[in-house]
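Read from first to last, the chains carry the letters A, B, C and D; within each, the first residue is number 1.
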Amino acid sequence: MDAIILQILNGLDKGSAYALIALGLTLIFGTLGVVNFAHGALFMLGAFCAVTLNKLLTLSFITIDETQKDFLGNPLKVETPYIEGWFGPEVAGTVIEWSVPLAILFAIPIMILVGLVMERGLIKYFYKRPHADQILVTFGLAIVLQEIIKYFYGANPIPTPAPSAFSGSFDFGALLGFDPGTIIYPYWRLVYFGFAAVVIAGVFAFLRYTTFGMVVRAGMADRETVGLLGINIDKRFTIMFALAACVAGLAGVMYAPINSPNYHMGMDFLVLSFVVVVVGGMGSLGGAVAAGFLLGVLESFASMSQVLNVLPGINQIIIYLVAIIVLLTRPRGLMGRKGVMED
Amino acid sequence: MPGFKLDRRGLLKSGAVLGAGLAMPTIFTGRANAFTNEPTGSSVTLGFNVPQSGAYADEGADELRAYELAVEHLNGGGDGGMMNTFSSKALQGNGILGKKIEYVTGDTQTKSDTARASAKSMIEKDGAVMITGGSSSGVAVAVQALCQEAGVIFMAGLTHSNDTTGKDKKANGFRHFFNSYMSGAALAPVLERNYGSDRKAYHLTADYNWGYTTEEAIRSSTEALGWETVEAVKTPLAATDFSAYITPVLQSDADVLVLNHYGANMVNSLTNAVQFGLRDRMVNGKNFEIVVPLYSRLMAKGAGANVKGIFGSTNWHWSLTDDASKAFVQSFGTKYGFPPSQAAHTCYVQALLYADAVERAGSFNPCAVVEALEGYEFDGLGNGPTLYRAEDHQCFKDVLVVRGKENPTSEFDLLEIVEVTPVAQVTYAPDHPQFAGGQLGACNPGA
Amino acid sequence: MGILEVQNVNKRFGGLQALDRVNLNVEAGTVHAIIGPNGAGKSTLLNCFVGRLTPDTGSVMFDGKSLLGRKPHEINQHGVSRVFQTPEIFTDLTALENVMIPAFAKRDGAYKLNPFARVAGESEIRDKAEEALKDVQLADKRHQHAGEMSRGDKRRLEMAMCLVQEPKLLLLDEPTAGMARADTNRTIDLLKHIGETRGITKVVIEHDMHVVFSLADKISVLAQGHVIVEDVPENIKGHPKVREAYLGEAQV
Amino acid sequence: MLKLDKKDMRLFIIVALMTILAPFILNPFPEGSGLAQFNAGYPDLMQRFVIFGIFAIGFNILFGLTGYLSFGHAAFLGVGSYAAIWMMKLLTMNVIPAIIASVAIAGVFALVVGFISLRRSGIYFSILTLAFAQMSFAMAYSVLTPITGGETGLQPKVNDPRILDAALAPGATPSAGLFGLEMRDSYELALGNWLFTFNFGYYFAAALMLVAFYTSMRIFRSPFGMMLRGVKSNQQRLNYTGLNSKPYTLAAFVISGMYAGLAGGLLVAMDTQVGPERMFWTASGEVVLMTILGGAGTLIGPVLGAGFIKYMENIISKINESILHQWFYWLPDGLEDLVVGMIYPFIGKGWHLTLGIMFMLVVIFLPGGLVEGGQRIGRWVRGKGRKADATGDKKSTASTPAE
C-alpha cells in the first residue's frame, strides 16, 4: 500500500513535468496550428535560465592566495563572487542558494522575449505552410538552440541545487498513520507539483475568465470566424505563443534542481511530450494535462520490481504501449476534437 | 581476389603534394602493400574517434585534448609529458619510426553505427593506420570489430564493460582502461572495511550490456564477502527521472544502494537518491549507503554535492602523486588550464603505448604491433607496473578506489583516493566466467 | 418499384430529430428533386445514401440491395455517385487525373494493387476521361491543377468525375449553388443532356427553383426531417403545405 | 525502353550516370590539397549515400505520395538489418539471402505495424508509428539482448555456424561477399594527384539503388501511384469515388517498409554489424528530414536530401581546428585566429549547428526543398523572365511532383 502511494506521488510529480510541457505544446498547436518541435528546447532554455542566473550571481573576481597551491603547484587563485564583495558573505550566500526560485523572476521576461522573437521572427511565416515544413523548421531551430547552449555550457549536466530549506523530505507516512520514514517525499518535488498545479490552474483560469482568453478559445475552435469578427486574433496568438514559451520555461526552471540540466534535456522530453499531447487529444488542454498525469503514474507503476518481475522490460515501453491502446480505442485521444490534425 | 585490393591511400597523400599535378596518369591495380594503410611517406595518420556530440561530448573533448597532447609529445614538442617517465625508452620524440604524426578526428555520437562510419572514413579516406578513442562499450566493441576486419589497430578509449576484452575481444584491439570485474574486485574489500560484511544491497542497473556486466561483477564480489542482494532492478537508458526506482528502495530492507549507472544516468539517479533522503536513512541499525561502481570526474561534477562521501572506482586520478601522473598533470594542466580526466589519461597512454609498440616492433604492421604489445610489461604511465596480457589484450594494473570529497577546494577536486588496490587483487583468469565466450582470433594486417 | 427506395428512415443527433420517418421512391431514369428550407435534413438524407451516415432505423434499398452499413466505396461500386455541396476534388492533381481516378475505379473495382501498370499505357481510360471533360467543357483545361480552377470549373469537374463512372444513380447536392445565371443554365443543359443520352437516374437537392422546375420529373419537399409532399412539379407549385414550410423563405 | 516517358528516361539516365561516375564526381579535389577534406568519394560514404537514398526513396513513396507521415520507419530499417545479420550468422556471408530476408521480414513487420497504425490518420498515425518504433528500439536495446545483442549489437563471429559456407581459413574473419567477390574489394585508379576508388560494395548497393529508383518511378507513374496521390489530396473523395483507400495506403506502407528493410540489409552487407540506435526515433526523424529537405513527393528529392545530410554528418564533423589552421595559415596570425575562431563553432563538433541552420534556411527559402533550389537555378540559367519566376514558383513545384 505504501509502495503504491509513493508511486502515485512519483507519477504525479513526473506527470506535472509532462503536463506543463504538453500544455504549452497543445496551446501553440490549438491556437496557431503550428507543430512546434522546438518546444522541448524552450523547456531546456528555462532550465538554463536557472543555470545562467546562478552563474551570474557567482561571477567572481580573482585574488591570489600565496599560501595555497593549485594542482600545478602555482599559487591558488581564489574566486570570490562580486556580490559577496558587495553585500558580505552571508547575504550573498543566501542569494546564491536561492538562485533557482529567483530564476523564476529572471526567466519570465527572458522566456516571453524568446517567445515573441520566435513567433514574430519565424513561426508566423509558417502558419499557412504544411505541417511537415513546420516540423522541419522548428526541429532545425531546436538543434540550433541546443547547440548554442552546448557551445557555452558544454554537454555535461550542471548541478543546480534547490535552496537547502527544501532539501529534506516530508513524511507522509507519519501523517497517514504509517511507520515514520516509509512514505517520505522530497520537499522540492512537492513544490514542483504545487507549482505545476498553480500554473495549470492559472492558464485555465486565464483562458476561461478573461475576455482575452475567451477570444483565444474561440479562435482555437474556429479561427476564420473570429477573424471575420474584426478581432485582431494574430496579436493575441502572438501573446499566446509567448505565454506557452513562458510556461515551458518555468517548467524548466523548476525542474533544474530535480535533474541537473544538460543541453539535450529538451530533446529527451520532446517525443514524450508529443505522445502526451496526442494521447490527450490534439488541441485539448484538459486532455494534455490528464494524459500527462496518467502516463506519469502508469510509468511509475511499471517501474516497480514487482511488475518488472512479471513483465520484464515493461518500464521501457509502457508509455508507447498505452499510447497505442488509447489511440486504438479512442480515435482522437482522450479528449480530442474531430478533424484536428487528421489530414 | 586477383585484381582487387583493399585500398591504401596514405602513400599518395604524403608523396604527392599539390603542385605535382602534371604528373603522368599512372593507372595501376593491386599495389603490393604489406598491410592496410602502410605509411610510405614522411608522416603517419592516426584516427581519433571520440564523441563530440551527445551526452558524452565533454568526455570526448577531454579525450581529444589528451590525443593532441600525445601527438605533440610524440612529435617532439612540449615538455614530453609521460614520455619522460615511461619505462620504455624506445620513443625518440621524432614521431613514430621517424614519421611525423598527423591525425584526423571524428564524431562517434556515442552510437555504434556512426562510430563505425567515422572510423571507416578514417581508414578509407584518410589512410589511418590506427583508430583510438570512444566513451562507451557499445562503440568500443563495434569499432574494435571493424578494425579487426579492416586490418588496423584499435586502441580502446574509455570502455569499462567486461565484454570489450571478454566475449567481444579481438586480436587487433587493446584496452588499457579497467573493467567491471576489476571495479568489483577493488571495491569489495573497501566496502567491507567501511560498511561491514552484513549488508543488504539493492541494485539499480542501466538496462544494457555495460550495466549487466557491472551488476554481475559487483554482485559476485560483494556476495563473496557476505552481502546479500535483495533486489536488482533494470532502468531504461532513456530514463531521466529515477524517482520511481528510488522509492521502492525506501520500502525494502536494503541498507546499501548500488547504482550501476554511467554518465547522465548516474548523475540523475544519484541526485534523485539523495533527494529522497537515502543518505540520511538508518536501516537495520546502520547508516544507509550508496555506491557508484564507476566514477568519472565529469560525472562527479554533474552530480555536484551529492557525491560527497560516496565510494566508487576509477582508472586513474590526477591527484596521484607518482612521477608519471605528476608529469602528465603538469603538461596537460599547463596546456589546457585544468587537470586531465581519467578518460584523457587512458587515451594519452594508449597513444603512447601504440607509438612505443611500433617503435619496438620496427613496423606499423598490425601483426607486429600486436606481437609487441602482447605480454608487454611497462611502468611509468601513472598506474604503476602494468601488463598488457596476451590472452585478452587487457591491461592489468592497480585500480583506484575513490570517494566523493567532503570539502573540495576547486571544481576539479571532487574525488579523493581512498585506496590503491594492488593489481594482484583485481587479476582474474582469462577464462573467468564473466569473460567467457569470446575468441581473440588472429591478428589481421588487412591486405 | 423504384431504383432507390427509402422507407421510414429516422436519424437523431442528440436532441434533434434530423430525419423523421422519411419515405422516398425514385423511379429509374427520372430526375427526382428534394427541396426544402435550410435545416430540413436534405443533406443528412443524402449522407444516408452514400454511407457517410447510418440511419437509426429504416431501410435504404438501391437496385434491390440495402445500402445500410456499407462503406462509401462499396456504395459507389454499386453505381451511386455523388456531387457535393462544396466541390470535393483532388486539388493537387490535374483535371484529367481527377477524372481518370473514377474511371479506374469503375473499371478495376475498389482496389487494384498493380504498382507497375503505367498510366501512360491506359489510353482507353484516358480517352474516357477526356470525353467526360469535353462533356463539361473542360477539355482545354485538362492539364490545369484542379486546386487552381474557378469554383464553377471545380463543380463541373466534379460532375465529370461522376459522369465518367456512368453511375446508375447520381446524387447532386446543390449543383448550381453560387453559380452565375449563365453557368447555371449551362449546368441545367448539361444535366438534361446526360439524362437524355445516358439515362442516369438523378436525385438533386436544390434551392434554385428555376433549376428544380427545369429538371425535375418529381419533387419531394422536406421540412423538419419529414417529407411533407411528394409529387410532380406542377402540383408542387402553390401547394399549401409547401407554402407553409417555406413561409418567407423563398418564392415558390 | 524501360517503359518510361522521355522526361523520366532523361532523369533516370542522369541519375544512373551520376551513380556510376560517383567515384569521380565526389572526389573533385586532388589528394593532399587542403580541399581534399571535402572529398566524399571513399567507399563507406558513397555506400551510405546510396543506401540512405534507398531508405528515403521508399519513405517518399509513403509520405510523398499519400501524405501519411510515419515517424517510425527506422524500425523497419533496423529489423531488416537484424534479419540480414542473422542470415549471415546462420547461413552464409553471401549477401543474397541476407538481402532477401531483410526485405521480406521488414515487409512482414511493416504489414503488422501498418495494419494497426493506418486505422488512424494525421498526427495520430504518426504517433502510432513512433510508438511502435520506440518500443522496438527500447526492447532491442534491453530485454531482447539475446536476439539483438543489446547495446553492443551483433557482428558475425568466427565461430558462427554459417552452415552454407566452407570453413574459414585460420585467422580469417568472416566478411560479406557475393559469390567470391567481397563487398570491401576495391580497385584504385590514380590519375595525377587524384585517386579514385571503385568499390565493389558501392556498385552493388548502387545497382540496387537504381533498381529501387526505377521502381519508385514506375510506382509514381502507375494508376496505383495516382490513387496514392488521391489519398493525399482528398481521401474522402477517393472513397466516394468507389476506391477503398485502405489497401492502397497499406500497400504503400509495406512497400516503403520493404525499401527500408532493403536499406537495412544493405547497411549490414556493406558493414557487417547492427546496433539498436539505428531504430531510435532520431533515425526515423532523419529520414523525414531527408525527404522534406530534398523535396517530398518528388522523385529525386529524397536522394538529394539523404546525400546532403550524410555529407554533413561525415565530412563537416571531421573538420577540426588544426585543419582550419592549415587552411588559413597564409593569413596574418591575428587574422588567422579570428577567422578560425569564427568558423570553428560551425564545424567539427559544431556540425549539428550547421545542420540545424541549413534545415531552417532551406525550409524558409526553398519551400519545395533542394529540388526547388535546383529548379530555380535551372530557370535562372535558362534566363527566363524574372516575372514568370515570381508567380510561377508555387505552381511549378506543385505541378511537377515528379522531378
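Details
In this text, contacts are C-beta pairs under 8 Å (C-beta built on N, C-alpha and C of every residue); 3 or more make two chains touch, one makes a residue touch a chain.
A quick note: this is a predicted structure, and the numbers were derived from the prediction, not measured.
Closest to the protein's overall CA centre, chain by chain, comes D.
Chains joined by the most contact pairs: B-D.
Per-chain CA centroids place subunit B at a distance of 33 Å from subunit D.
Subunit C and subunit D have Cα centroids separated by 46 Å. Each chain gets a centre from the mean of its Cα atoms; for subunit A and subunit C, those two points are 52 Å apart. If you average the Cα atoms of subunit A and of subunit D, the two centres end up 34 Å apart.
Contact of a single residue of subunit B with at least two other chains is seen at positions 53, 57, 61, 207, 234, 236, 238. Among the residues of subunit A, those in touch with two or more other chains are 312-313, 316. Among all residues of subunit D, those that touch two or more other chains are 138, 141-143, 352.
Each chain pair that touches appears in this list: A-B, A-D, B-D, C-D.
Contact residues on subunit D toward subunit B in their complex (touch as defined above): 30-33, 36, 39, 42-45, 48, 138, 141-143, 145, 150-153, 155, 157-159, 170-171, 173, 175, 180-182, 184-193, 195, 197, 199-200, 267, 271-273, 275, 277-278, 313-314, 317-318, 320, 322, 348-349, 351-352. Only residues 63, 67, 69, 116, 119-124, 127-128, 130-132, 134-135, 138-139, 141-143, 235, 281-282, 285, 288-289, 292-293, 296, 345, 350, 352-353, 355-360, 362-364, 367 of subunit D touch subunit A when the two sit together in their complex.
Per the touch definition, subunit D reaches subunit C in the complex via residues 3, 5, 215, 218-219, 221-227, 229-230, 232-234, 236-245, 247-248, 251, 255, 395, 398-399, 401. Against subunit A, the residues of subunit B that register as touching in their complex are 53-59, 61, 207, 231, 233-236, 238, 240-241, 243-245, 247-248, 250-251, 264, 267-268, 271-272, 275-277, 281, 298, 301-306, 318-319, 329-330, 333-334, 339, 409-410, 412-413.
Remark: subunit C residues 50, 71-73, 76-77, 81-82, 84, 88-94, 97, 100-102, 104-106, 108-122, 125, 145, 147-148, 161, 165 touch subunit D in the complex.
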